[in-house]
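In the part that follows, the structures are each spelled out as structure tokens.
Both complexes below contain subunit A, partnered by subunit B and then by subunit C.
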Partner chain A sequence: MNPYRCVFQMGIEKSLEYRANFFLSLASAVFPIIIQTFLWNYLYGNADAGAVTGYSYQQIIVYTLLASMVSKLVGAGFETQINEDIKLGGLNKYLVKPVGYCRYQFFSFLGEKLPQLAILLLVAAGLVAFSVAFLGLELSAVRILAFLAALVLALVLNFFIFYCVALLSFWLTDVNLMFGTISVVLVVVSGGIFPMDIFGEKLAAFIGLLPFSYTTQFPVNIINGKLSWMQVGSGVLCQVFWIVLFGALGFGMWKKGLKRFAAVGG
Partner chain B sequence: MDIITVEHLKKEFEYYRKADGLKGSMKNLFRRETLTKEAVKDISFRVKKGEILALLGPNGAGKTTTLKVLSGILFPTAGRVEIDGFIPWERKNAFKRRFSIVMGQKNQLWWDLPASDSFYLNKCIFDVDDGEYRKTVEELAELLDVKDLMNVQVRRLSLGERMKMEILASLIHRPRILFLDEPTIGLDILSQQKIRDFLRYYNEQTKTTIILTSHYMRDIEELCSRAVIINQGQLVYDGQLADLGHLMGDSKLLTLMGTRNLKKEQLAPYGRVRELAGARAVLEVPRPALKETASAILSTLPVQDFTVTDIPLEESIALMFQKEVTTV
Partner chain C sequence: MEKERNQKEKKLDGYWAETKRCLRLLKVFAKVSLMSQLEYRANFAAGVAVETGWMLIKLLYVAVVYRVGADIGVLTPDHILLFVGIYTLMTGFYMLYYGNFTSISRMVREGELDLYLVKPVSLQFLITMRRLDAALLLPDFVAGVIMIALGWARAGLPVTVVSVTGFLFFTVCGALLTYSLFLLPHLLCFWIVATRGVAEMTSAVWDFNNMPQLIYGKWMQRIGTFLLPVFVITNFPGLFLMGELSPLLMAWGVAAPILFFGITRIVWKRAVRNYSSASS
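Up next, the complex of A and B:
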């Protein structure tokens, strides 16, 4: 068997080993959703909030329901592991084997995500069905397919973003605390809590130039009908662009970092 | 035939010095003093195919650094290393298939899954044939006595069991060379013995070349015939373990049990008094004079029992290092 397929399968096993942990984290997503739903209900009930935010009531509720799911789904979580590997010398075990570290981590990450993906997609499907039935969301098969494609790309993109962040450990000894801050900031800028473009066009344009919104906001806006097909197409291209860029950055950082690691030791 | 050649190996690390306290930390923010530490200064040795070599030395002597250079994890500052025709730090895949390294304090197995899963992963990584893989695992699991533990998650295993699994995992691809860094550290006596027995048997059967570092002299005395001793990054001894005792002082320890309390003046004429606690005393006696001294003590002093032992090897080595330090 291909070693990376093996790593992938072990990732699935590991994820199943920690299923309770995952369900709890899923349950913890319920409360913010409820709070935000109340908030939006209030805002949209008392003023013409749609004119300000650019989202209809139905779009914003669908967004709230799905964004936390997507955000959980693309979330990394391996950065502490990489940090420990680099700081405490766990990296050694990869260096002495004929495997590529990045590929190894990538397939282990995908493997761990797969069972979560299955469950999250079920929950998301339920939420979408609810939205179609009660909120009047219009949905087409093409939109669902586009959403799934963007979701996969978002997952890959977020992997590479966090991979690069994690590799900072080569130069900074203790970045573990930083990871907490970075992931909170990234969840917000990627639109994991509310869409970032509700603050006006200027900010929306700026956010569009950054890679982060393509991990959460973009796929969610495909399904809630906020984006035209043109925008979907260019968004997918942007995702691919950022994946290539962060992939290359990660590759360079790994090479440089490893040289440093081999010089100073783990 | 030499399978490992190390010539004038040197490894320096850069580090920063920080003065004590907050003031020092603040100062460090602006200007840091870079210091160079020579972990390994100038080490040369050779290892024959099928040999078990002990790499000895006190903490911080450069043992682990040497093993890390030999396995390609670290680049050396200077020197030449050739292992089975390869230069380790080029990290060629063909080289990685030839050796394995086990570090007693590092975990290479997947923590949350049974060890058998990690074995299988190694099989895939090293592209080991199915039949051969099954045979290897079965045979090694039998030898290490871990057959019933194959499907237990690694995190539920005891330290000794985990170490056996680590060793098993490192041998899946049947490496020609095995580096063991403190493989018995923290284990109980029985587990240590089991691992020693296994390594000796495995070496005899497969002629795998082994370099071993350990804190436990028993490991080394039982497994190795030759030792390389390093201290402060320098090679201080390379030769037969058996000759080491002579080199570092030809004395024996005589432990006496008196019928009543012994006095220092009584013992002093027979040799150096190392310990004296009530009726129990330890004397250091030159080997040639052992027989006479023992019979003289038995006939003149109120002694009911005595045992003769060698000076423990670690003590001799420490002694040797002290000499080294004082002459430098």
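Up next, the complex of A and C:
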């Protein structure tokens, strides 16, 4: 039996085991959505906010409804585990087995995400249906497909970004303490709270050069109709480019890091 | 009659002596907490970094408001900066002892509370104030004060003895209310086991103060002011400065911390009575 299929299934089981936790974290994602919706209602009601942000009212509300969901979905969370494996020697048990550590983590991550994806897509479908019915969002089947494709790529990209961050544990002693800060900053930069392109063209151009916005802002802007097909196409190419780059970086870091690995405590 | 009066006086003296003792202990707790935190400096720095990261999100809301423009109803972006400043400062005060709240459930589950039950000091005080995290207070305090000062000056709000005193008074009331209001949900752990979700939900409710209450709908404002008075904590100092606080609301701003402290005391006593010293 393929070991990675087993790992994938274990990931699904792990995710289902802590389902109450997942539902609660999903429920707590609702609060920022309420706060932001009120904020946008206030701003769009009292000023010409659309002219400044570049988003129509409908687009910004759809963004608000979906961004924190997507951000939660692509969110990693395995970095502390990897750090622990490296620091406490738990990595040893993987090294002596005929499995690749990166692939192991990747399939475990995908398995964990699958049930979440199913639930989240249901919630997202509800929200999108609400947007179509009440906010006049125009949606085509192709756009939905493009969104789903970008979402999967975003998931993979975020895995590799956090895999590289986690591998820093080979070199830094206290990186575990910094994971909290890194995650918060990356959620902000990826557009998980507000779309970053509302803060002006310069910042938008700068953020566009970084990989992070392709994990949250890009997929959400496909579904709310903000991006043209041309932009969707180039965005997907950027996602693939960053996945390849971070994949290669992770591979290189793993090779170099393993040479430093002292297998303490194993 | 005289005997009764004497008893009352003795009781009052007892309360006063207990309060003085608690204040003295609080000073010791603060000193010991700071010393132990500075021993693990990387941890201290990480605490500051994490809190700064969260602050980034609060600042993002302000950035959005400034980006959209100067004229947005009653509130200008400068007013909003002031409100977010108060919210940031209050978060710092809350975070100072927040760790104690989250560890209550562990102490109940593992029976660690036994150790504290036998100590000759108020159990609630000891459990909720024994560790004070200056690393989390520091960034919020600095950023909060700066934002308040900037917002206050830029919005052209009055700087008189009355306004400053009133502002400080309602800030203190808010800080006291925070303690009682947000301790209540954590006391649920005496009855149910899983409180992680409760902690997540309460912090989500706390975040409603990220924006001034005036942006929310009328009903939400009423609920957040009277039923679950989270808005009282960070909005009242700012509303007082803006002259938007009616006498009724002022009275509520003073009464709410007292009322909720009373409720917390009652619930705490019931909760401890329910404690079964599980694992010992």
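We adopt the following convention: the second predicted complex is superposed on the first by the 261 of 266 C-alpha atoms of A that agree within 3 Å, B and C clash if a C-alpha of one lies under 4 Å from a C-alpha of the other, contacts with A are read in each partner's own complex, and residues count from 1 in each chain.
Here is the rule we use: a residue touches a chain if its C-beta (ideal position, glycine included) is under 8 Å from a C-beta of that chain, and two chains touch if they have at least 3 such contacts.
Since this is a predicted model, take the numbers as computed values, not measurements.
When the two complexes are overlaid on subunit A, subunit B and subunit C sit side by side with no clash.
In the superposition on chain A, contact of A:180 is made with subunit C only, not with subunit B. Once the two complexes are overlaid on the shared chain, A:230 sits clear of subunit B and of subunit C alike.
Of the two partner chains placed by the overlay, only subunit C lies in contact with A:53; subunit B stays clear of it. After overlaying the two complexes on the shared chain, residue contacts for A:199 are found with subunit C alone; subunit B is out of touch. Look at A:43: by the touch rule set out above, it reaches subunit C but stays clear of subunit B.
Once the two structures are superposed, subunit B and subunit C can be ranked by residues of subunit A touched, with C on top.
In the superposed model, A:141 lies in contact with neither subunit B nor subunit C. Legend: residue contacts after superposition of the two complexes on their common chain; A:118 is shown touching neither subunit B nor subunit C. Once both structures are overlaid on their shared chain A, subunit B and subunit C have a minimum Cα-Cα separation of 8 Å. Within subunit A, not a single residue is touched by subunit B in the first complex and by subunit C in the second. Across the complex, subunit A is touched by residues 13-14, 65, 68, 71-75, 89, 91, 93, 96-97, 99-101, 103, 106-108, 110, 112-113, 117, 120-122, 124-126, 153 of subunit B. Interface of subunit C with subunit A (complex): residues 42-43, 45-46, 49-50, 52-54, 56-57, 60-61, 63-65, 67-69, 71-73, 194, 196-197, 200-201, 203-205, 207-208, 210-211, 215-217, 220. Those residues of subunit A lying in contact with subunit B across their complex are 1-3, 5-7, 10, 13-14, 17-18, 89-90, 92-93, 95-99, 259, 262-266.
By the touch rule above, subunit A contacts subunit C in their complex via residues 20-21, 24-25, 27-28, 30-32, 34-35, 38-39, 41-43, 45-49, 52-53, 173-174, 177-178, 180-181, 184-185, 188, 193-194, 198-200.
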